[in-house]
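In the two assemblies presented below, chain A is common to both, partnered first by chain B and then by chain C.
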Partner chain A sequence: MASGELTGVGRRTAETGTEPLLAIEDLVIHFRLYEGRARVINGVNLTIGRGESVALVGETGCGKSVTAKAILGLLPANAEIVSGRITFQGRDLLRLPAEELQRIRGRRIAMIFQDPGTALNPVFTVGDQLQDVAAWQGRPRAPLVRRGDGELRRRCLEILRLVRIPDPEGTFRRFPVELSGGMRQRVLIALALLGGPDLLIADELGTALDVSIQDQILEELRELVRTRGLSVLYITHNLGVARLVSDRICVMYGGEIAEVAPTGAMFTRQLHPYAQGLLAAVPRLTGGVGAGIEGRIPDYLNPPPACRFAPRCPFRMDLCDRQRPVLAQAEPDRRVACHLYPASTR
Partner chain B sequence: MSEVLAVPGHARAARGQEWRKMWFRFTRSPLSVAGLSIVVVLILAAVLAPVLAPYPRHAGVFVDFDRGLQPPSARNWLGTDDAGRDILSRIIFGARISLTLGVVVLAIAVGLGVPLGLIAGYWGGRVGDWIMRITDVFLAVPPIALALAVTAALRPTLTNAMIAIAFAWWPWYTRLVYGQVLSLKEQQFVEASRSLGASRWRIAFREILPNAWSPIIVKLTLDMGFVILTGSGLSFLGLGAQPPTPEWGTMIAEGRTYLPGVWWAATFPGLAIFVAVLGFNLLGDGLRDVFDVEIEQWRAAN
Partner chain C sequence: MALLEAEALVKHFPLTVGLFHRKVGDVKAVDGVSLALEEGRTLALVGETGSGKTTLGRMLVRLLDPTGGRIVFAGEEITGRPEAALRPIRRQLQMVFQNPASSLNPRRRVKEIIEEPLVIHHVGGPRQRLRRVAELLERVELPPADFLARFPHSLSGGQRQRVAIARALALHPRLIVLDEPTSALDVSVQAKIIALLRRLQQEFGLTYLFISHDLSLVRNVADAVAVMYLGKIVELAPTETLFRRPSHPYTRALLSAIPTVSDEEAALIPEKITLQGEIPSPARVPAGCAFHPRCYARIPGCERIVPELIPVNPSHGVRCVLYDPLMGAPGLPRVPAPGSSDRKGPPVGTPADAHDA
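Then we have the complex of A and B:
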């Protein structure tokens, strides 16, 4: 019934050697503001393989969430996609008609929202919300009002069990305000899983929760993803989270990908000066706060002319203000965009 | 029944408690309770009119000139009008007309205004601009003047009066809902719903609208009084219900010619309007206080 099963010809990537599930190529997104054009996303390249968990890491305002929203076609009205492609299962999401994209949302690509208490509709019970979504998902002409259906109910209870909600029947009848933050986050995961997506996008998952529950939920999700062979894009500013859940980390800075490396390798050694600073900034149990990086994220209205990190970079050279470094393979399995590595200077 | 289902910690019990809490808050204000009582009495009067009225036949075509213009007495508690009809009986039947008028007018106003406000607010863009500019034009004309113009153009009947008032009333609901939608559509659950593949119709009517009901209900209650007042005003001017319909405004118009000597013929229908409007206003204020607290708590919880 759903047309998402189509698997066309994708591009082969350097990282995996197989066809990726999702490939973002040279994505450029500007925002039209009163003050002018904000050049937020400046040529992002990103791939996610089948069954792979990728973490997109960067500080607030670096364009992580914009990238995620671009995948789902949920950008605000003043955003303009200048160029680029987002290929998913062989189709370019940026050039898909709205109705096709609507069918992909939730069914092929689903987003797990973080829970600040407002991601669930406050006036409906958990059961109603799950069953509603299950009833209309993938059926654009479904009636606005759902009829009672035992099969639907069973499916939704099953999903609640899957995300380890202790009392599915009781939770079904509860309103979101009656649940704890952890339970609400689990319900949001259940909603995302309901359509049986191939790719999950988790935006700052668990950030609003306390750390022990956050870890617990992340572990459970990791397990779930592994057993079901799902691909996940984690959007996070928290390196601890990225380390826990991802196979590969993309460090983003100022609307560009600075460095891509397998998670283990990234934590052992960072190539890009920004990645080095980012990891050094993590507070450590052994005492003291991290070093931090001087300066602020670039002004997107007047971004630095070439390398966007140059103004904050301790290794800044003349070249950095003249020529933009490209994301290129510096070592096996690692790609970086910095003039310290000859491959980036083209 | 709820006792059986009230297992400790059970969601249903919590919900019952929520209602009880709202009721408790509502009953803290004597004025709210007074408003509710008046409205309940009005509804009972309307429903049970044939039973309650001492002379049900006096509500329709009935003439007994021998007993015309009698002052209040044990036989006719509120006196009689020029045709000898019992004023109390006619006021009780009048409640039917006024409530029907209010319900019909507001049903049309909500049925038209709410979807337009939803569409204007959620679709936005050119469609939204057009809807809101047309709404502004309607809002620029006082409702009573607009209703007067419409009834004057149509034949003066009760039905036409309802159409005329509804015609003047829907833009207020469009405005109200529009404002609600603008703030609600920025909520995360709306975006979450979009990310799951919901269509914009579904988001507008199934996600946003259910969250916008409480201000609509409050406004509806407050408006009941004003609509009744407007309807009686039109009837008083001869543009609404026609004699011998026991419409309160019509009754005032008929009794007015005998003022000040036969004071009861115009005064009691006037008091009926006054009490009805007062009742709905007090009830509406009470509901607003209760809902506002709800909303405040909800915001505080998040």
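Then we have the complex of A and C:
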């Protein structure tokens, strides 16, 4: 298992078939609610190769953020991991002791948070926050007193330069409120990069920003990811953004993966009826806003018995209410979970 | 004829400091906007955060008092009127807000929410009002029997926005300002709401001001587009023209950053232009052309001259000195939009064309 870790040079491992950097297998997560048990994540399978950027796309409530939080061990207290494994560099994150996970979180796997307005502490300067993270280094707690040796400072300034903050020295001394939304987002990216992670998780990156800034930041991050050979999991509801940044797309619906395909292929053609409906609903410059999809996302307290998309599906068959479709290879390099494709009916 | 016309509309918010709110300056949220809304049509207002589009929308429905300028609605000036005289006009001007989760009172039932404008304007008795509410719910495709007694928290985002639309329709308005009506919704729901808005527009001959930052969506819903930057309209054109020939340097950059989902679309947007920096605060608007510090086509003088909205043809205005006839109207350095040759329809005349000819 460690062999994949040592080679470290293989890009696009999904195609070459070597050990992926991260593999989620049959993940099932339930939430205990007052009303009962919400069966949210229902057997998610997902791999991310070394140097690969994967986008997990889906609409509000499809479970994409829950999946990301499960990777980082940041699920709320009422979440229960029923079964499954999340293997990262050969180790199962779900069964690691807390201290071990602490050493991985923020260092080997880092998260770029979504809301540049709230993810930074308003009462500390950007420099303080960067140095805290840089000084922490996976210890149980951050050191109370930082050494003013300039080494930390130098590293933080370098990271700020890396994310193209125009005036790193000045920004270092500023408070988050003094920065624009775009700059704050860059600082958040810098924070995530500080520990030198192998895997970045970007939750709705840039969707709170205006298109021109969003575009700029995504392009720069993509470049950074490419040159450093990082792996990224983008969580997004914006298909245009997913197309811009990812190598491979996983469409998620109702706590399950509906379809997985390389980005180009996914946008050319979709096999799963949900993926088709989703793509068709995106307004196009070429004209046309699709029809949208009837109905609403499943009630997780009482989800549909077999295929979770069946109640909204235009191609629903009897089988769809009886047997759950499995995510299976329907075409070379494309996997889908739908009974319209024989591979899914097992 | 234009249903609503705004002339040199200005809204400044005072910028104050300290205990006694000493005034230290103005936030020029809207700084001299003139536009006309044609009856039965949709004008889209696009621009980045802080460009003043929401402030402008709120002034047009008289939720905010303009600092200067005039608004003429259906031939009558509605600025500077006392509130009592404004009442009958208010019925005809409605607004749908961005976030239906916060624009609906969580303690009221759907019936009460939609009924409220009728109560305020003393329309009908309780029984007539109930009938009207049920009819409105049907218009927005929510079965009244299921929804009348519901509270907003039990509705999905799309259903909430439908309720907000029903409320806006209650008084038979002529103009509805839609302030990012779908930006809080998922695409599959957005598509449904857009279809509904279109249908309602046709049925009732509604005029829309559609505020949005989603250019792909605007391309599909608007008849004309006004692009705002720091409180001013920098380009105003029919939708087709704007997307085919973006003329202001800012418009072109904005279009070039649209995230697309197909190669056919990508072929329609201009070559990628990355702007320097970010939109400045409206409290510190740069001198001269407000866009000049970020402009890639700037020429000497841009930091001094405040450009006017120059009509490059009767329906297309651009606020940029590059289109000033006195300067010879050189236009933007030509970056032909890829795929522009195979497009249907007559070519749209721009000064650049005029000079080529």
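Simple rule for what comes next: the second predicted complex is superposed on the first by the 324 of 346 C-alpha atoms of A that agree within 3 Å, B and C clash if a C-alpha of one lies under 4 Å from a C-alpha of the other, contacts with A are read in each partner's own complex, and residues count from 1 in each chain.
One rule holds in what follows: contacts are C-beta pairs under 8 Å (C-beta built on N, C-alpha and C of every residue); 3 or more make two chains touch, one makes a residue touch a chain.
Note that this is a predicted model, so its numbers are computed, not measured.
Participant: Please indicate which partner A:221 is in contact with in the superposed arrangement: first for chain B, second for chain C, both, or neither.
Facilitator: In the superposition, A:221 touches no partner, neither chain B nor chain C.
Participant: Once the shared chain is lined up, is A:296 touching chain B (first), chain C (second), both, or neither of them?
Facilitator: After superposition on chain A, A:296 lies in contact with chain C alone.
Participant: Report for A:191: first if it touches chain B alone, second if chain C alone, otherwise both or neither.
Facilitator: In the superposition, A:191 touches chain B alone.
Participant: Just to be sure I read the superposition right, which of the two partners does A:210 touch: chain B = first, chain C = second, or both, or neither?
Facilitator: Only chain C; A:210 stays clear of chain B.
Participant: Is A:122 contacted by the first partner chain B, the second partner chain C, both or neither?
Facilitator: First partner only.
Participant: Based on the superposed arrangement, let me know which partner A:181 touches: chain B (first), chain C (second), both, or neither?
Facilitator: A:181 sits against chain C, while chain B stays out of touch.
Participant: In the overlaid three-chain picture, which partner chain does A:244 touch, first (chain B) or second (chain C), both, or neither?
Facilitator: In the superposed model, A:244 contacts chain C only, not chain B.
Participant: If we count contacts the way the header does, which residues on chain C are in touch with chain A in the complex?
Facilitator: 48-49, 156-158, 186-192, 194-195, 213-217, 219-221, 243, 253-254, 257-262, 264-265, 268-269, 274-275, 277-279
Participant: Would you pull the chain A residues touching chain C in the complex into a rising list?
Facilitator: So the residues of chain A touching chain C come out as 59-60, 166, 180-183, 210-216, 219, 237-241, 243-244, 267, 277-293, 296.
Participant: For the complex, which residues does chain A have touching chain B?
Facilitator: Going by the criterion above, the answer is residues 72, 74, 77, 102-107, 110-111, 113, 116-125, 132-133, 136-138, 140, 144, 170, 173-175, 177-178, 188, 191-192, 194-195.
Participant: For a test of understanding, state which residues of chain B touch chain A in their complex under the given definition.
Facilitator: Chain B reaches chain A through residues 9-12, 14-15, 124, 187-189, 191-199, 201-202, 205-207, 210-211, 298, 301-302.
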